[in-house]
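Next, two complexes with subunit A in common: one pairs it with subunit B, the other with subunit C.
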Partner chain A sequence: MHGLTFDVAHMFAGGLVLVSFMMLYQDRLYALLNVFALQAFVLSLSVAWQALVQDAPHLYVTAAIALILKAIVIPVALHRIVARLGIHREVETVVGVGLTMLAGIALVALSMVVMLRVTGEADPLAREDLAFALSVILLGLLMMVTRRNAVSQIVGFMSLENGLILAATGAKGMPLVVEISVAFSVLIALIVIGIFLFRIRERFDTVDVGALDRARGERL
Partner chain B sequence: MPAIDAVTLILAIPAVAAAVLALLPGYRLSAQLNVLASFLTLVAALSLFVAKPEPGPYLLVDDLNIVFIALNAFVGFTTSVFSASYIAHELETGRLTPVYLRFYHAMYQVMMFGMNLALVANNIGLMWVAIELATLTTVLMVGIYRTHEALEAAWKYFILGSVGIALALFGTILVYMAARPVVGEGLDGMVWTILMAHVAGFDPALLNVAFVFLLLGYGTKVGLAPLHAWLPDAHAEGPTPISAVLSGLLLNVALYAVLRFKLLLAANPGAIAPGPLMVVLGLTSLVFAGFMLYRRRDIKRMFAYSSIEHMGIITFAFGMGGPLANFAGLLHMMMHSLTKSAIFFTVGHIAQVKGTQKIADIRGLTVTHPLLGWGLVLGVVAIAGMPPLGIFMSEFLVVSSTFAREPLLAIPLVLGLLIAFGALMLRIHGLAFGEPTGSTAPVKASYLPMAAHLSLVLMAGFYLPPPLVAWFQHVARLLG
Partner chain C sequence: MAVIANLAIQFVQMLLVLLLAPLLTGFVRKVKAHLLRRQGPPLLQPYRDLLRLMRKEVVLAENASWLFRVIPYLILAATWVAAALVPTFATGLIFSWSADLIAIVALLGSARFFLALAGMDVGTSFGGIGSSREVMIATLAEPAMIMIVFTLALIAGSTQLSTVAGLMLSSGVGLRVSLGLALIALILVALAENARIPVDNPATHLELTMVHEAMVLEYSGRHLAVIELAASLKLLLYMSLIACLFVPWGLAPHGAGPVAQFGGAVAYIAKLAIGGFLLAVFETSIAKMRVFRVPDFLGAALMLGLLGTLLLFVSRSL
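Right after this comes the complex of A and B.
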């Protein structure tokens, strides 16, 4: 194990977890989108580093997708949507910041305990990447459940996908099929989301999912 | 090997049809083309029984998935017939516009393509992509009416479905990680046939964690409690043909993925037994859905909960394992698909003619619409598990094999079945009999799909052809 290789990869993966934490306490949408862009940027650095050390040029594609699509295009698009809807000042966490952070710490501890224990035989880099990836995934999930606003739920979901890409690139030699598919799925998801946002706006003039929780068809 | 085999066809026909339908204006022609494409897919799927192609690096047809493929193509075909008569009415009442119909038909074929691809995939990554594709198309279809409720349902489905899909991908990556030291890097680490051959040497701890993620991820798509929250809404608010394929097919496809990974785990001596996890999830879903059936006021929502109940039974049966329980699980899956989609066919027409989905507003169906009314009665009697219909037989097999092996587990199982039975009987009485309410206008329904499904279920209750039994026994042994 080369010391430097390991340390740099470690730094980027740890950076992703750190940025995930930063996302947890953003209560303005613009700030949240900026932090998400930062996370995607860190992810693209991490993937590019993996491409370099694994000598796997196809990973550069994944890194480029992360950089262009997730760090630039999607945040800009969401910025516009937020601006057009005039919801940039909305504060919409369900649970308080302190509690969310505590839950986040617990989740990271959980993923460390689980992943480091079961991957004893794998090489150390892949091991730690997986543990960090699971942390990012769980933090993304946490964000999805503690937010009520549709835009921040989408951001939570995309940060979850960032964790998946980290895991996929950490698994050495994973076929290209998967990376492309992940990137592709983000694209599809974006289309779906776009349609949804469009429709939701058209109908209710709000993207607060709480407003969608009125009628259930059967509660008379 | 011929250049174009049947496996290519069951993927190519829906793909081409989707492209054509997306371009074609005019709903009448589109509906017919949709039926035709589904029929051709069915023919191609059935031809797989005659000549099975060799497994390649991406596609695979073996004795297990051929059952799923045939069922998928059959219900896909009958639903397209039902859909043709259903959407004509939706267009008349203005709930859908021609543009949306074009989109609807194209999406229907994309969904069939996704499901077929998931079933024939020989690669765990490809299977994941296919299931995601099928999920995304159904999300779009559920939201197609653009009402308040439909959007809420689609959003919920999208969020929960994505989370499930994400967990499944993480599980898939972990399986690859477990396989890598043994089969080497690259594509081989994701191919089913290669994984199955070498799984004994994989790291069991990693496989265990992977299975938990896969079970939770794909289990969300199966609609197992407590991950079921999307299912009733998606069934109730989307177009009824989509409810029929969701219940009858998509849940099965997700279950198929779980079964594949269960096989993988079972072949590794050091890994945990996957059965108990599935048994617990299955029983929870069964009992939970049984109780929830009593409080339903929306007819489609009620049958959605009944789907959760039955997926619970099937998961339970496969979790129990062993030749008899697996046989019962396979039979039950087939019977449930046929019966539940038949019920949705009748419910679709009923909701259209009565203009409501509220159970309280629908009474005396057997008087106003004898064919639909009695069809619904027969379907509900079947789904509740009354003899002599097919579901009675499969439920009986599940219960008796459980009593023989784990009598304690049989108590919650029977309890759940009885609770659900009571709820369904209570509701169908109000729906089908008594003083008629609402519109008595005649319906332009196509009774053929409903009749075909129900007569198959009825026949299965009396007589199962020996080749089919032998086939199921063979697959049941494969499942271990």
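Right after this comes the complex of A and C.
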């Protein structure tokens, strides 16, 4: 199947993986938040295209939720949190960018190998979406592992959730109720995490999660 | 008779790239100066510089070996051959069978090898620094370039430039994200290879940051002129490569009449002007990065190339 339908879906899903890599590359918080908003935008485009292809109007709602909540509300909220915490100039990574990139490439290759083997008989569009979705999820996890700043860990978590939505739309038939409840639980998670951020900062004067390890006596 | 005509067209192409190269450099400088609200040197200044250098005496270090004197001509020859192989205004020239992407990468690689040797030949510390930095950049830029070549070769089924350009001209390509990734990666590699601003500054002799200028510091007179000409040719080469691979519209097909070929030449010059303008805008809007950030910059290019190839494998295997 090599029509325009497939090519456009491929382009958006591949773009999502690319934006995930851009997030790994950014080490400034504001730039990271902008790239995260871009990822949500690409996700909403991809979901809207799937809605058009699959002729499933409820996916338009999913796209709208992704656009409004993730591309606008959450980045703006995180922007304000970063501004209030006064940490916009902090640059913190555990391992270097180059090493992270290599690990990311390895994860993408792994998810392609796994997904293309496992989903042998499925529709090409769904297979390809699943493979990319797994890469986005793994890259989000990698982001959470390689960052020490709590705000970038939140961004990693949110981008992981973007990958889940991509997988769900590709698989055909996620009910709208599930989608809405997932969206709201993410929003609530953001609020909870936001409160935690201020608590962590109040207690340790930093949002570097290394401070938590030290408080538990795990590292000197 | 046909053979003579074909040879003549190939000859025109070789002369065209050689004559246009300094003009392109002058054009980029002019646009950059205008963007900074300065008048800038006239467009033909690079030609005058070359002429002036040609007439000047060559000063050689006492311990310079024969290699030091031969290298400028080797570099110019390798770069010129590579630039003449890239289809500029017409595809299917008589030497097109050898216009292979891997051959071009190898030609440029050998030119760089000799330049690095020349930097170390006299034994000054600047030359050594320049060579070591250049080789560091090269070890990162060449794998990225090879990944780009793989991506294009997987799509077109060939590494021959004429074939790839022909495929891009046909409508069978469709919309491919891998091509976009390859384009961005190629632009990053081209910026690094031509010592343009985020990696190196072509207009300065500031000792802490220079890479290319540090290697050629010991050259003077006609040797320097030849090296500068080769540097402009390299810029022209990368720009024609990008134009030929990603915006091949206007290229005259194989065996077209002189009118089509003239149209191709006009389109080529227009593409070069647009490319030079974009380069100047990019260079004035960005700051030079530290030398130790360069691996990140080129790592991104390598990553894009790898990702493009991976995505291509996915869409192939479906």
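The rule is short, and it goes like this: the second predicted complex is superposed on the first by the 213 of 220 C-alpha atoms of A that agree within 3 Å, B and C clash if a C-alpha of one lies under 4 Å from a C-alpha of the other, contacts with A are read in each partner's own complex, and residues count from 1 in each chain.
One rule holds in what follows: contacts are C-beta pairs under 8 Å (C-beta built on N, C-alpha and C of every residue); 3 or more make two chains touch, one makes a residue touch a chain.
Model, not experiment: these values are computed from the prediction.
Engineer: With both complexes overlaid on chain A, does A:11 touch subunit B (first), subunit C (second), both or neither?
Structural biologist: So A:11 only meets subunit C here.
Engineer: Give one of first, second, both or neither to describe whether A:105 is in contact with subunit B, with subunit C, with both, or with none.
Structural biologist: second
Engineer: For A:128, using the defined touch cut-off, is the partner it touches subunit B, subunit C, both, or neither? Pick first, second, both or neither.
Structural biologist: In the superposition, A:128 touches subunit C alone.
Engineer: Can A:116 be said to touch subunit B (first), subunit C (second), both, or neither?
Structural biologist: In the superposed model, A:116 contacts subunit C only, not subunit B.
Engineer: Between subunit B and subunit C, point out the one touching more subunit A residues.
Structural biologist: B
Engineer: So in the complex, which bits of subunit B are touching subunit A?
Structural biologist: Counting only subunit B, the residues touching subunit A are 123, 125-126, 128-129, 132-133, 136, 139-140, 143, 146, 148-149, 151-152, 154-155, 158-159, 162-163, 166-167, 169-170, 172-174, 176-177, 180-181, 185-187, 189-190, 203, 205-206, 208-209, 233, 236-237, 295-298, 301, 357.
Engineer: Which of the residues in subunit A come into contact with subunit C in the complex?
Structural biologist: It is residues 1-2, 4, 6-8, 10-11, 14-15, 17-18, 21, 25, 97-98, 101, 104-105, 108-109, 112, 116, 124, 127-128, 131-132 of subunit A that touch subunit C.
Engineer: What residues of subunit C sit close enough to touch subunit A in their complex?
Structural biologist: 174-178, 180-181, 295-296, 299-300, 303-304, 306-307, 310-311, 313-315, 317-318
Engineer: Which part of subunit A faces subunit B closely enough to touch in the complex?
Structural biologist: 114-115, 117-122, 126, 130, 133-134, 137, 141, 144, 150, 153, 157, 160-161, 163-164, 167-168, 171-175, 177-178, 181-182, 184-185, 188-189, 192, 195-196, 199-200, 203-204, 209, 212-218, 220
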